[in-house]
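First chain written, first letter: the chains are A, B, C, D, E and F, and each begins at residue 1.
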Amino acid sequence: MKMQDRATVMLEALPYIQEFHGKTILIKLGGGVMEKEKLLDSLLRDIVFLNNVGMKIVIVHGGGPEVSEEMRKLGKKPKFVEGLRVTDEETMEILHEQLAGKLNKEIVLGINKHGGRAVGISGMDGNFIRAHKLRYKTTTSKGREVEVDLGFVGEVEQINPTVINYLVGTGYIPVIAPIGIDGEGHSLNINADIVAAELAAAMHAKKLILLTNVAGVMRDPNDEKTLISVLTVDEAQKLIQEGVVKKGMIPKIEACLRAMQGGVERCHILNGTTPHVILLEILTKGGVGTMIERGK
Amino acid sequence: MKMQDRATVMLEALPYIQEFHGKTILIKLGGGVMEKEKLLDSLLRDIVFLNNVGMKIVIVHGGGPEVSEEMRKLGKKPKFVEGLRVTDEETMEILHEQLAGKLNKEIVLGINKHGGRAVGISGMDGNFIRAHKLRYKTTTSKGREVEVDLGFVGEVEQINPTVINYLVGTGYIPVIAPIGIDGEGHSLNINADIVAAELAAAMHAKKLILLTNVAGVMRDPNDEKTLISVLTVDEAQKLIQEGVVKKGMIPKIEACLRAMQGGVERCHILNGTTPHVILLEILTKGGVGTMIERGK
Amino acid sequence: MKMQDRATVMLEALPYIQEFHGKTILIKLGGGVMEKEKLLDSLLRDIVFLNNVGMKIVIVHGGGPEVSEEMRKLGKKPKFVEGLRVTDEETMEILHEQLAGKLNKEIVLGINKHGGRAVGISGMDGNFIRAHKLRYKTTTSKGREVEVDLGFVGEVEQINPTVINYLVGTGYIPVIAPIGIDGEGHSLNINADIVAAELAAAMHAKKLILLTNVAGVMRDPNDEKTLISVLTVDEAQKLIQEGVVKKGMIPKIEACLRAMQGGVERCHILNGTTPHVILLEILTKGGVGTMIERGK
Amino acid sequence: MKMQDRATVMLEALPYIQEFHGKTILIKLGGGVMEKEKLLDSLLRDIVFLNNVGMKIVIVHGGGPEVSEEMRKLGKKPKFVEGLRVTDEETMEILHEQLAGKLNKEIVLGINKHGGRAVGISGMDGNFIRAHKLRYKTTTSKGREVEVDLGFVGEVEQINPTVINYLVGTGYIPVIAPIGIDGEGHSLNINADIVAAELAAAMHAKKLILLTNVAGVMRDPNDEKTLISVLTVDEAQKLIQEGVVKKGMIPKIEACLRAMQGGVERCHILNGTTPHVILLEILTKGGVGTMIERGK
Amino acid sequence: MKMQDRATVMLEALPYIQEFHGKTILIKLGGGVMEKEKLLDSLLRDIVFLNNVGMKIVIVHGGGPEVSEEMRKLGKKPKFVEGLRVTDEETMEILHEQLAGKLNKEIVLGINKHGGRAVGISGMDGNFIRAHKLRYKTTTSKGREVEVDLGFVGEVEQINPTVINYLVGTGYIPVIAPIGIDGEGHSLNINADIVAAELAAAMHAKKLILLTNVAGVMRDPNDEKTLISVLTVDEAQKLIQEGVVKKGMIPKIEACLRAMQGGVERCHILNGTTPHVILLEILTKGGVGTMIERGK
Amino acid sequence: MKMQDRATVMLEALPYIQEFHGKTILIKLGGGVMEKEKLLDSLLRDIVFLNNVGMKIVIVHGGGPEVSEEMRKLGKKPKFVEGLRVTDEETMEILHEQLAGKLNKEIVLGINKHGGRAVGISGMDGNFIRAHKLRYKTTTSKGREVEVDLGFVGEVEQINPTVINYLVGTGYIPVIAPIGIDGEGHSLNINADIVAAELAAAMHAKKLILLTNVAGVMRDPNDEKTLISVLTVDEAQKLIQEGVVKKGMIPKIEACLRAMQGGVERCHILNGTTPHVILLEILTKGGVGTMIERGK
């Protein structure tokens, strides 16, 4: 490429760099990104770039597939109730090892490799994600409401972002494993989308980005042409009520709505497997995936 | 116990509380302490106590037995060369899971349960322990010096304690897994005693405490009556040279000497399985274990 | 005592040390404590202990008996109107000498001797206790309300705790003589209980402790068995209205009520001559004396 | 251009953005750049870009041609002695108007237009460039050394960069007119290259960039093919001594040498009329112009 | 003068020095003061004195006569519409040169000469005075309202005093040329009295002083005996409505009213040509000129 | 006096106000000043003035006459050994009362009355003047050196001016009673001139002013015409050696020499009973008393 064209490309990013300077952007890593080494590496480099041109980046990561795989290795069958992982003591130990240990540090190493400075912690550290056991209720086929014991599955009670704020304020990129802690010092497994949304709210983030393995919110999940580029909060709620949005997408949209209710400006649901998807979403004119905004 | 006696006990601790107020004490957890749940719980409560009466506490933990056990579970045989664990890629993954994941968070949870505020990180986080691969040399039976490839085993290059200083300065107890990072973003397995010693030096700690499973430095390892209560730096060096100190104790004493050369005032080698050993060592007149001091 | 028992005693204090960590506790010294050298020495050591395990301590001291004694020495008869000392110019000079001079520095020396760092000042210093002359009214035997000139007796107008906050924030223990200053630069004699209560309110103290020479609030002042351990604000007010509480105890309870109205959480009326009374009240389960709390 | 190519261009700049993050870069605007509106606009946008991706930028500007033109407009003939402008009182007034007034604010407006935040001041402001009258000596044709009165031409005595440091530290871009002040409050005209060099030294800048209207240092000024890409300090000094470098280029190289002696890492002499010359020099692999470095 | 009398004079200023210690006083220089070199010098020395005894001084200066004179020199006729200067591009250039260049730096030099530390900037710098083009409407002789294009004449939109606060907070005296900047980076000519008033409001100044060339507000502009010493806000508004105050004085009073509405405590309209008028107004009992105060 | 003359007087003080702005001036009150109410009041107002125009003032006061008088009142005979007060326990109590109590607070009240903000403390407070018992040796008539027990008379060991620096840094005027504290918490009586000199050195004061009841250093103490206006350090030492300076003046000059050795710039010995002596010395051209300076 010619030198002058290089300059042109960079300068076209200037307004976006200015807009997001010093702003907090919370990125939920997931959607199969973490299983693909090259993809993750590329993604983390993009994140380091955004951090280095002035944005405050916080990463929350999931790790469901790795945990399930590890369970199967150990001869244990993963069990889910409506998408929530039933978490007995042994499973929790695996979560500590896989989420707070293996995956968390893998992301940290990937960021540091590209010249970023990541610090990996979990919600247990410094008690920063206070949680309590989720009292999960469901309705039996006979219409009776019953409580199902999901084990050590938690619900966010309160987030104290002091340490996280210190870290982003001094240029670090916090990488957070979604495990909370209760008042007695027990760890609890929490949905990563929810942790990302709650933390985005607690930090008054400007943007929450949820990476998935689909193009965004689609009217017909099998037809990418039905992708909805922009949704207002009201429209998003309506899509859920009318049943247009289904299954796995529902909790993601609900996480976005929670974040926006907490003051986050915009939420994005993007396909993490598209190369440079975050970089392009933030630094170029063309939007990708689905953006949820406050609406008029 | 009578109320007045309670007051007396507390007041006798006053001079020690004053002496160590605001001072940094680096504690290396090891020596089988971590395998015994009750012991660990009691120890962590003592640590929270010391922190709450004004000391800055930093914990570095090992975890050798747990790692070996996990390796065996996965059908992998732990291999050591003169006490150093040969660390291939798979072993490193286990270290991430067991040290940075399971054990680190277990200690964090234990501290938080007693009202402390622990933050668990590793030397990879924020690149805070810079290391390079250890070039390990040994002498063959024929007297030739050869280099042995120990895999991802590291040597501390530089420690940047900024984040750790922030944490202790705001009342947190950092809990550190001894894994370093090299310039290319690879993790390296480092001996926990060495990490503790180097960090103590980098933080200008007042005390370094190494917990082991023996009473301290003994002239005859099988006879507790030969325990040496106080050693000067010179005496310690002589004991090594003369071959009085053997095997597992040598690296511990060397770690102490390294710490003292870096400015640490006193080092202690204590039996971690003695109840309340740290509390009593720091807050009462009677010393236990072996103390290494600068000498006249 | 056995070493392990020592550890147990200390650890039982842990929850209380945590509860009051960084909190401000205002202690009014009085009730004959200051006349007894040994008692005072022991009390000040306890106070240094509390300070050293993390509490912010502020002391306000009285000194009535010493002042009266000095007056008698100089051939001057102390005069009181309903417990308030009539203060002419000469008496005020004696107050400067005895309160701000002799007693204040005696307490400072006692604290410093035990390794604390006390700074003794009065409400005149830095104009920190603004006051005006008390316009004292009483009712004659014929039922007419008349104003009695008590001389330089003051009423707190405003407290500016900036310097005191600086001192406690940097680890000092301020020791305060209860003499205020008016807009023209005249000093005024103020009741020490009131100064303690107002200062506790101005500093948002967690606790106000008034040391007296009786066990606490008693239904029958001659019968310690009628001691009331816990009083709500409402109950305390009722006790005064119903005339159960008498004479010297009324201003103490009123001081407590004033403090609590200003945001102080709990007030204690304790017998200062009981050995280690403050240490035991704060650091052990068993309460002594009378505690006034907000009530449901 | 394809989206992915855009990402590639940006990511290739990442190592340079990291290298210069938080570093001070001092840019001397000159060389005819300021006369060409479009060129200046483009240059200032590049500068805003560099500032927005994390660099601290300070601008020193000249303005010789504008000053001379204004003088001619007012019927006054510019006079120079070996490149130094003879500055009488009237000329100084024109300098105030043209440099500190017109040109300075033109640059400020240009930066602010692109979203930067410039603050334009001169060395008179806050007394920040202390100077004294230059005692200029020259040699007559008969070999006698005589002093020539150049009027209000100054020599830097001391630079106090406190305000400038504050400005760059809070994200502003200081734009500085090269007029100093003496101890009696008189303003003095100082060579802009020298001001840039001295300020770069006083601020411990990482880079000093002098914009000229030629490609860089050339062995044959008429042949761009003789451009020297890299010069060590020693080589630069030799080039001057051997007379290879001539006239206008000598003071520029001397300014660079002065800056490097004061601790600046690298100096660049670039052609300011090449589009995006600074952006490309700093953010891409390919160097342009002449770079002076410390040498081995 | 006798030494003791000197002491007396100084001590009589003490209450005023105490009253204005650390307070912000905004002074609008104008009214012909700037044309008279000696007068300006004396005035600036007084200002340095006030600054040195503890007041925070901010100066806003006009410069109408100088601008007009310069225009005439360049063969351009100044044009005004109801006191507002019609400002085409060429005039704006002259404003940059004369206001931001010549006059601003003249004041800066004058202050620095007397040992003060002035920093001269304009409202363009750091975008600190945001403005937009004034949409000026007038009524034709036929009673039709028409909009008149005054060119680059601006109206204050928002003032961000961060840099100014930094400067006064560190002991500098900011000297401000009344030129604002719009969102596109164009400069706009704004009335200096208005800038002074708006800035006084934005900085919560204690006093705004407008220097004019008349004694103050007079019922009969030709008779100094009709000077009004004190005006309340209400009275001032009434004087305008009733037509007592005329022409040039109206915008000055309106500026004062604007400042007071923004929280400024008192405004003064003084004759700048009276020697030491500001010093005497602030530091002695006797008031001069007209003071506008809030009224009961 | 005419208004303009008032301005002239104030402006003549400007260079001195600038010179001493933010500088620390340590004033030792003594020499009979404190016995004369009006004189003291006037002096304290002058001190408040100096403080309010920007100087940092610290006061150390003596109080010998008051202490002796009080002793006599209590039927106790003051005893001196070569000017040092023999201090038994009872005398020390009187010192606490008279110095730290009565006199200290009298000065505090006097300053506060004039709008200053004084904080009165002693060297015991915060342990800020560490001292040990003076081992006083003298020579008997038979030429034998013997140690004389002076009781609780101290010698400065170390001064920690942290609290004093905080106070002057926030605008307070510290007023210090010259009583030190030893390592065991006993108070010690120290010469006020020495305390002033040591504190001036510890604070890097610019000036030390010792107020006495004579005009300064005189060749013939009975002839004011022999007053020496300026002395270098060398000259001062010579005057002592040659016996020109006698008795009471010797310790004053030695205190000055001690201060200057510690970095104080200039010391003054002034007659405190001359009205406004400090104000005139600092703010006018004419010097009074004796100034000791470093010499060439």
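Keep this in mind: a contact is a pair of C-beta atoms (placed from the backbone, for glycine too) under 8 Å apart; a residue touches a chain by one contact, two chains touch by 3 or more.
What you are looking at is a predicted structure, and each value in this text was computed from that prediction instead of being measured.
For the pair chain D and chain E, there is no chain touching both partners. Put simply, the C-alpha centre of chain B and that of chain C have 47 angstrom between them.
Distance between chain centres (mean CA atoms), chain C to chain E: 55 Å. Averaging Cα coordinates per chain places chain B and chain E 68 Å apart.
Residues of chain D in contact with two or more other chains: 114. Taken as a contact graph, the chains are arranged in a single closed ring, with each chain touching exactly two others. Here the chains link up into one ring; start at chain A, go to chain D, and the full order comes out as A, D, E, F, C, B. Residues 1, 3-7, 9-15, 17-18, 21, 45-46, 48-49, 52-54, 114-115, 275-276, 279-280, 283-284, 286 of chain B are the ones that touch chain C when the two sit in their complex. Across the interface of their complex, chain B is touched by residues 93, 96-102, 104-106, 108-110, 112-114, 117-122, 124-127, 162-163, 166-167, 170, 172, 179, 181, 184-187 of chain A.
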